[in-house]
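Same chain, two partners: chain A is paired with chain B first, then with chain C.
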Partner chain A sequence: QRRAIPFTLGVPRNYDPTLHPFEVPREYTRALNATKLERVFAKPFVASLDGHRDGISCITKHAKSLSTIISGACDGEVKVWNLPRQECLRTVQAHEGFVRGICSRFCGTSFFTVGDDKTIKQWNWEAPGYGVREEPINTILGKAVFTGIDHHQREGTFVTCGQTVDIWDEQRSSPIRSFSWGVDSFSCVRYNPVETELLASCASDRSVVLYDTRESAPLRKVIMQLRSNTLCWNPMEAYYFTCANEDYNLYTYDIRHLDVPVTVHMDHVSAVLDVDYSPTGREFVSASFDKTIRIFPKDKGHSREVYHTKRMQHVICVRWSADNKYVLSGSDEMNIRLWKANASEKLGLLSAREKAATHYNKKLIEKFQHHPQVRRIARHRHLPGDILKQKRELREMREAQRRKEQNVRKHSKPGSVPLLTEKEKHVVAVVE
Partner chain B sequence: MAAVTPEVLTSTHVEKMKKKKLPKRYWEETEKTDQSQRRPEEEQGKAGQNQNKSTVKEKSLKRKNGESLEKKDPFPGEAPIPQKQLQKFQRGKKCKVPAGARERLKEAIAISEAMSEHAQKQAARYDLLLPEDAGFLEGDEDEDTNTISQADIADAVDITSGSKYFNLHLSQFGPYRLDYSRTGRNLLVGGKKGHVACIDWQTKDLKCEMNVMETVNDVNSLCTLRSASRWLHTEAMFAVAQKRWLYIYDSKGVELHCVKKFNDVLRMQFLPYHFLLATASATGFLQYLDVSIGKEVAAICTKMGRLDVMAQNPHNAVIHLGHPNGTVSLWSPNQKESLVKMLCHRGAVRSLAVDKTGTYMVTSGLDRKLKVYDIRAFKPLHSCFLPAGASCLSLSQRGLLSAATGEIVQVYQNVLGSNPVSKPYMAHRLRGQIWGLAYCPFEDVLGIGHGEGFTSMIVPGAGEPNFDALDTNPYRSHKQRQEWEVKALLEKVQPELIGLDPGQLSKVDQASFEQRHKEQIEALGFDPLAKDKFKPRTKKKGRSSAGAIEKRKRKVAHEDQRDEIRQSVQERTEREKELKEKSNEKKLGNKSTLDRFRK
Partner chain C sequence: MQNENLVQISFFNQLMLVHPRKKQNERSEASVQVSEYFVNAEGTGDKVNLSDLLGTVEKTSGASNKTKKQLRNLQSSKETLELPLNKQQTEKIQRGIAYEKTTAEVSCWKNIILQNQKAEQMVFPLNQESSGPKRVEQVVAGWKVQTPLEQEIFRLLHGSRQPVNDPVLTPVEEQSLKAMSLEEAKIRRAELQKARALQSYYEAKAKREKKIKSKKYHKVQNKAKRKDFLKQFDEMVKTNPEGALEELKKMELSRMEERMSLKHQNSGKWAKSKAIMAKYDDSARKAMQEQLQMNKDLTQKMVVPSDDEHESIEEGLETVPDFVNDPETVIDPVNPWMRGQLTHEEPEVSCVTAEEVQTAEEENEEEEIIGEFERKRKLRQADEEDLIPTEEERKKTQEEDEDEEEDVSEFNTLFRLMRSEKTREGSNQTRGGLNTAGEEDEEGLLSEGQIRVRSIEDLEVLDEVVEPRAIEEPSAPQTAAAEATSEPPHKKKREINLKEVLTKEAKAVRLPFLPTVVDEEERDEQISIIKEAFAGDDVISDFIKDKSRQEAAGRPAVVDLTLPGWGEWGGVGLKPPRWKRKRFRIKTAPPPPRQDQKLPDVIISEKRTASVASHQVSQLPFPFQNTAQFESSIRTPIGSTWNTQTVVKNMTKPKVVTKLGAIIEPMVKEDFIKSKTTAAGGKGAAIMLGENRRAKEGTKRTKILALTELPTA
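== the complex of A and B ==
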């Protein structure tokens, strides 16, 4: 605790610019210091939740409670966690085989799980009393394996995907409606958070399909060069969604113009497995097979942050917490990791002076962000050696491809090999 | 402090003029509401146009209703800020929105403009809250202020201010040079014959005194750094340029360092924001010592002979050196050559002073002239002839110039600017040659070092009346000093940033790509963007014979050149075609009757 300066020794100010020479160089020095301190304090890892006995396959946030999450593992086990105490509240052996998907009901009273044993189970959020066996409220037996599930925002319907996209009523044991477009299987399905009747799903025929639940047929689909694994809607601008692709990139699409993605987010060096938006809709986090998670601004082509540890293996699922402060990642080596969304942020209560100082530093960094010294320090991230190597390799491959294309263009009839931008390259077709 | 109470002064012929008018009070004027409303409108100018509209609307409403029963604010809207005050806090020009800018850019520019305007207004408003006011000496009718003696002033003012006029009779150790600390609390005097003393001059408390048993060329109180002992109010470190080497002592007179890399130093300047001590030596070297880490930052051989005239520009930390051939050169630690060399005098330059805004430089030379230069444009503004010539010059925080002419110190007012130098504002005669002149910061005091000791002289209106406690606080506590020290060291400006324009860093570097590329080639010694030569891949089955390789090389070689040639050929043919057509037209147009005889 600092002592306040006594009144007799007050701090009279005089803001006359001539009394404060070297305004810009001093401010620059401060900005440089702030940038360095930001990197010094960048300690994003908060905690690791261990207890699962197989790789984590899915994580879901509680619809109402900030501190609760559920995770499903590859051995069919589902665990409910308390984040502030970092402990497991409850363990359920929900399925035989993988737990493929979990979703929370909008009211926060129950949650659904789907698994490899072709069942959909509904569970109560409340743990059963002491000595009572864990039993699902409801179990639905399906015809084929389900790979994903999502619940409606306001009504008692939910959607699953597998060989078809099925819409279910909670009260009934058979789907209200099934969509399929060609023979394919689906890996992910998501309700739009704003236009609640709208659905998007990723199919194994390299397409992303949009549906309207009020209609009997799918709306349209966009076919890309490689398969998308998952997708996530932007919660604030819900006409955008971002899909995580096998070709190491993420693509943000505007549903009104599916022919060209709005942004291509490149930085991962292996297939991207999961993506989740922050509740502000400004950023999203992606998990990749290359053992890292990255945070992208929604309109930037490259990530602003990369998180990795020595022990973290292939990251399978990732979620952004509802208070916009934390990121959760579940990986192959049976751990759920809790990260800060802003790596250098100080946790806990801040005093007024601390708050003012952080705001001032933030503004300074923003003001001098284009100066080479500041930019160099702010941009630098440590990467594991093999990722760095793969990154270089990838760059070389891209360069070679570009060169090849240039040569082909040079030696063929003018106009026969058109110049394609990075955005246009990856879309094969849009089918209505 | 600097203010001298006017009540005491009224009894004598010495009077203090109040510059600032008292702020208007709403209860003083009840009848002249119209005038008071009009005035803010004029003063507001452009900034307050919207408010003007609102006042007009209110007036019209009043007229329609006839009488309004509601109480009205007599001064609606924000308090007006005088244009002059706003101007003081203007930083750079306003940003123009480029034509064809995108909506987002326009928005960003508008927001940042609004923010900076708000900051400017708030800063200007704060001027009203400043506690102190600057005053000036004003004589009676047909009385020159320069005839008023120091003793008279000291008698007329209050005791505290009066005690600021004093003499130290130190005739034994020869002429004295002096330096005030940045806060203005401590005074350092150094006699030619080795006497060095550090005094808290307001309490007349002697901090340390010693004789270094050697010639002292110059003294400089460095910033207060690293507390040597806890009970001292302010801990100072000071540098003394002795006969051979540069010594650094702490406030108790303990020798901390003897810097043998710095020899034969004649003059020193301390750059407080860079923590650099710049020294000029008899051997013609200008050296920079980083006092925070004790490293020599730069040593420049000026090749200009003995350097005994030195000043710093407090605005941009550039060092000014005066030379025997009448030139003044400007130096930064980043360049081996001088930034600027200007011929100022016909004879040698005797003394130099630069004002705190970095706009004006005052020089005096052996040709007995006093000249004022605008160092933004490097142009002389005016010059005047002093019969005795000025051996020492010093500029105060508020722009008073003091010049030592022989045994007399003259203080001039309004020298900086376009109007020429008139008669002195104050004068004071001393015994013995004057060796050092320095104004005390934040006080109306001029310190004079001369052959007979030291004299502290009262010069009303010399010092800045309001200090900024986060920058330099004369009354700071031990804790405040410690905190300031940490902050100052964290904010130490790197010597690489010293240049003529300190605001350069915030400007956009508009060098073209070609220019930057050229500079890069010069710096690196090779072209980093150059294409490497084509190396044919080795092929199997005998296709990599020397002849085949040569063939392949030839295929690829000059590919770009070929493109260029193709283009130029195309252009040439087009041009020729055009010329042909033109000439054809001409031929048809100028046909004369004699053309049929032509072959």
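== the complex of A and C ==
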């Protein structure tokens, strides 16, 4: 170990470039080493929380505490977890049948659950005392099954979806407003975290519908080729949201221009079931039926990271922690997994020199990212065989489709088969 | 007019239909008859007809004839109102309006989002309190009396009514002032008035003088002042030696200050610009001389007048020679080691005006150094890579440090050459019409496979297994069609003609691989020593042989395709005929001349080495417009080996910074949008009002818009 130099003194150093030749090759070597080390230290898996007795159907973060999460399972059980201690703090048999949705109140004092038993229940965050039965603060019995719930960012209202999208006041037992547009059932509804009066929902008629709670009618809907399962708003960019689609892709939309998605994110090889943005709004994580989690930069078409383990089955829900450091995934085989958001990041406090070194290494990798060796190493990921096979198959299918289309175009009247970009292909219609 | 009215009424009805929720308010009015069971006005049950109302209009004289006529027409017309729009259509219209409104509202984020996307660094959570030093007022405002001692002090202060903030006059003093007699007060007032008037005159004068832009005027003024001062000083020496001593001390102080500061030392922006001009411009030279003179004058030690003669002589002997006091031409203000003759970009003279020195910040200096380094680096690479350096640069660099630099740079030459060659190849390839856009898309892909990487060795193995593609890429020839693409035409001119430049350099290079710095004589000695040492083996002839062999290998071979005996008699001793030889011996076109053709003592390998190629970028990456851009981005080092600490810190700062253990909340509209509007001119309140109003006005606006929509619907 080098002896630390007193910060105030500093070492006089001659920066004359003639004394330090070969700057590019030297930095290149450093970059190559940094890339290799990054891959070697890429160990994203942190912990697994087990205890549920059925597949996890939903996860939610505590609004005010980083270390607490709640998860709901398919048997109606809700568990509150402490992440640093990796243990379950509290178990509640909340519903009969699935717990379909959980959301935390913005103040972090209570949370809401909805389930297959047509009820909305509000629970206290604090566990009842010893010997006291777990009882919800409020229970609202609805007319139909609720499939999702989300809470307003700052006010005492929340929204549920099922056969209609209902907006509720916490103080009332009937919705203060309900939206419906045609007869569909909705699978997901989310409040916009920035423009807090905006809502978006995914309907079973393959559409994504936008609402404004101040208006009497929905705003607009976009119908895609296949159904969207969930969607998530960008917490830093008010007019972008990303929806996870059944057709293996994710689509980022600008609500001002719904006719074409801003970006199509493709890499999954099966239906995408959940998506959540990082709190910085730069990236999002998606969970898929293909047993993997992928992390996408918000403006890139392909993922920067793929996480999987041997035992992780279909991933049903995924959340990005509020400090931008971790990703949580809940899967079919009853486990919640905690992953690092940056696979090779060192956890905990770093010394100033460590920090400087990591920053330098990151910058080096970025600088030399186009060099073949660096790129090759940085991009390498291990994937299980079956997913790889599926991927190959998909590629072949896409190629075949493309070829077919090309042939059709070749043999038909010019202009009759228009050349559609990947973005344009998936939107069927925008309904006003 | 009438029709319009009708339309309005019909639409009002429509909208009433649309909003069944909204009930009509019941109105109750005071009346003479008060029922026992309900409150009712007279005749409320009856329907009011238009004729009932018109009756009174006819009688009143105030109503104009025109309106009366209109009303009468209205009464007589028998047309029915139009049907309201059906539900679907109205809903569609409403949705359209609501969507438009929302998108307009959301669009206000556009600037903020763009700004954040472009920001070099984002720190999350967004609205953190700044950890830096706070202003005094903030601290004072937040401070509260806590300890008993403080409380007591405060009580005392406030008890005596001492002014805490603005100590002009204490209340007690004010009271005493008030207690003055009338005459005294009058006199005092007059005095004060006079003083004020004088002051204002003086101020006005000073202001006027200050406004005069003429430099000459100020110069003369200053000179006069100085003269005055000297005169005064001389007098003072005689009359008031103590005062003179004080003055002397002051002068000494000013001298010290001058010595400390960079003022008049020809190192500022102005001075640099002048220094460039000094060669051609007399006045610039003069100005700089003046500055230096000023510095000299100011830094000169004052001769203490009261001192004895011999003492002063002694002092003269003791003092170090004058040039020591002269300011160094500070080439590199941060790094004291750089004051040698390393750089010659700066001519000897340079100076700075007062303000510039004060404003010159540390950062600027850093940037300057970096700029300098960059320049030097480029220069070095230029004369090694033969980027045809300009006359000036050449002169500057090659004057003194030629020998020193050469030796180091020779070491680099080979590498640079190889690199330049490669990069040229690279650029050729990019110009060969490769689809960069498509490749970019490819680039985002992870290369997913079944190989697990657990250690660095695995990564090495990965090298061989995966992706032979990088190596096999061919060096595509430059096609005429491709030339037309992206590369700007002037770039082509700068295309390096290696041969040309190398011939020039060949004279300078005597010993290609001499890594140490040696003097001229030493070098001769060295050469003789080496000659002695290697007297036996003939290195030079070996070298020449080697070179000729390589040249021969590169020469095109004649391909002989003649088949003896084909179409004629064959056998021992028979040669194929001339026509056959002529026809079937194929000469390939000679390759372009070798790069080392005119360099007798250099071999430049023109082979493309696979081991190097696998490390090189084969095509121009996406965000870059041309190869030069990309190369420059690679050329600039970011490590601390080449840059100062602050620069490294700046260059390597991450794009996203998060605080450990802090919850990152989503953006809050009030924090961003409101502050912006208030900055624009107090529109914040208006917007807030608008938002509040919005819910109420919703229906009203839809009405108006529905009216406008009618013709199309």
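Here is the rule we use: the second predicted complex is superposed on the first by the 420 of 432 C-alpha atoms of A that agree within 3 Å, B and C clash if a C-alpha of one lies under 4 Å from a C-alpha of the other, contacts with A are read in each partner's own complex, and residues count from 1 in each chain.
Operating definition for what follows: a residue touches a chain if its C-beta (ideal position, glycine included) is under 8 Å from a C-beta of that chain, and two chains touch if they have at least 3 such contacts.
None of these values were measured; they are calculated from a predicted model.
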Applying the document's definition of touch, where does A:L219 land relative to chain B and chain C: first, second, both, or neither? second
Could you look at A:S178 and tell me whether it touches chain B, chain C, both or neither (first, second, both, neither)? neither
Does chain B (first) or chain C (second) touch A:R30, or do both, or does neither? both
Does the superposition put A:F22 against chain B (first), chain C (second), both, or neither? both
Scan A:V11 for contacts with chain B and chain C and give back first, second, both or neither. first
In the superposition, chain B vs chain C on chain A residues touched: C
Once chain A of both complexes is superposed, is A:T91 in touch with chain B (first), chain C (second), both, or neither? neither
With the two structures laid over each other on chain A, which partner does A:N82 touch: chain B (first), chain C (second), both, or neither? neither
Both chain B and chain C touch chain A at residues 10, 12, 14-18, 20-26, 28, 30, 371
Of all residues in chain A, which touch chain B in the complex? 3, 5, 9-26, 28-30, 33, 371
Given the complex, residues on chain C that touch chain A span 91-92, 94-96, 98-99, 101-103, 105-107, 109, 113, 116, 122, 124, 335-338, 342, 369, 373, 376-377, 380, 404-405, 408-409, 411-412, 415, 419, 441, 443-456, 459, 462-463, 466-467, 470, 614-618, 621, 630, 633-635, 637-645, 648-649, 651-654, 656, 658-669, 694-695, 698
Show me the residue ranges of chain B that touch chain A in the complex, using the header's touch definition. 88-89, 91, 123, 126-127, 130-131, 273, 314-317, 356-358, 464, 466-471, 473, 475-477, 479-480, 490-494, 497, 502-506
Enumerate the contact residues on chain A facing chain C in the complex. 10, 12, 14-18, 20-28, 30, 36-37, 39-40, 64, 66, 153, 193-196, 198, 210, 212, 214-220, 235-239, 255-256, 267, 279-280, 282, 300-306, 322-325, 349, 356, 359-360, 362-364, 367-368, 370-373, 375-377, 379-385, 388, 391, 432
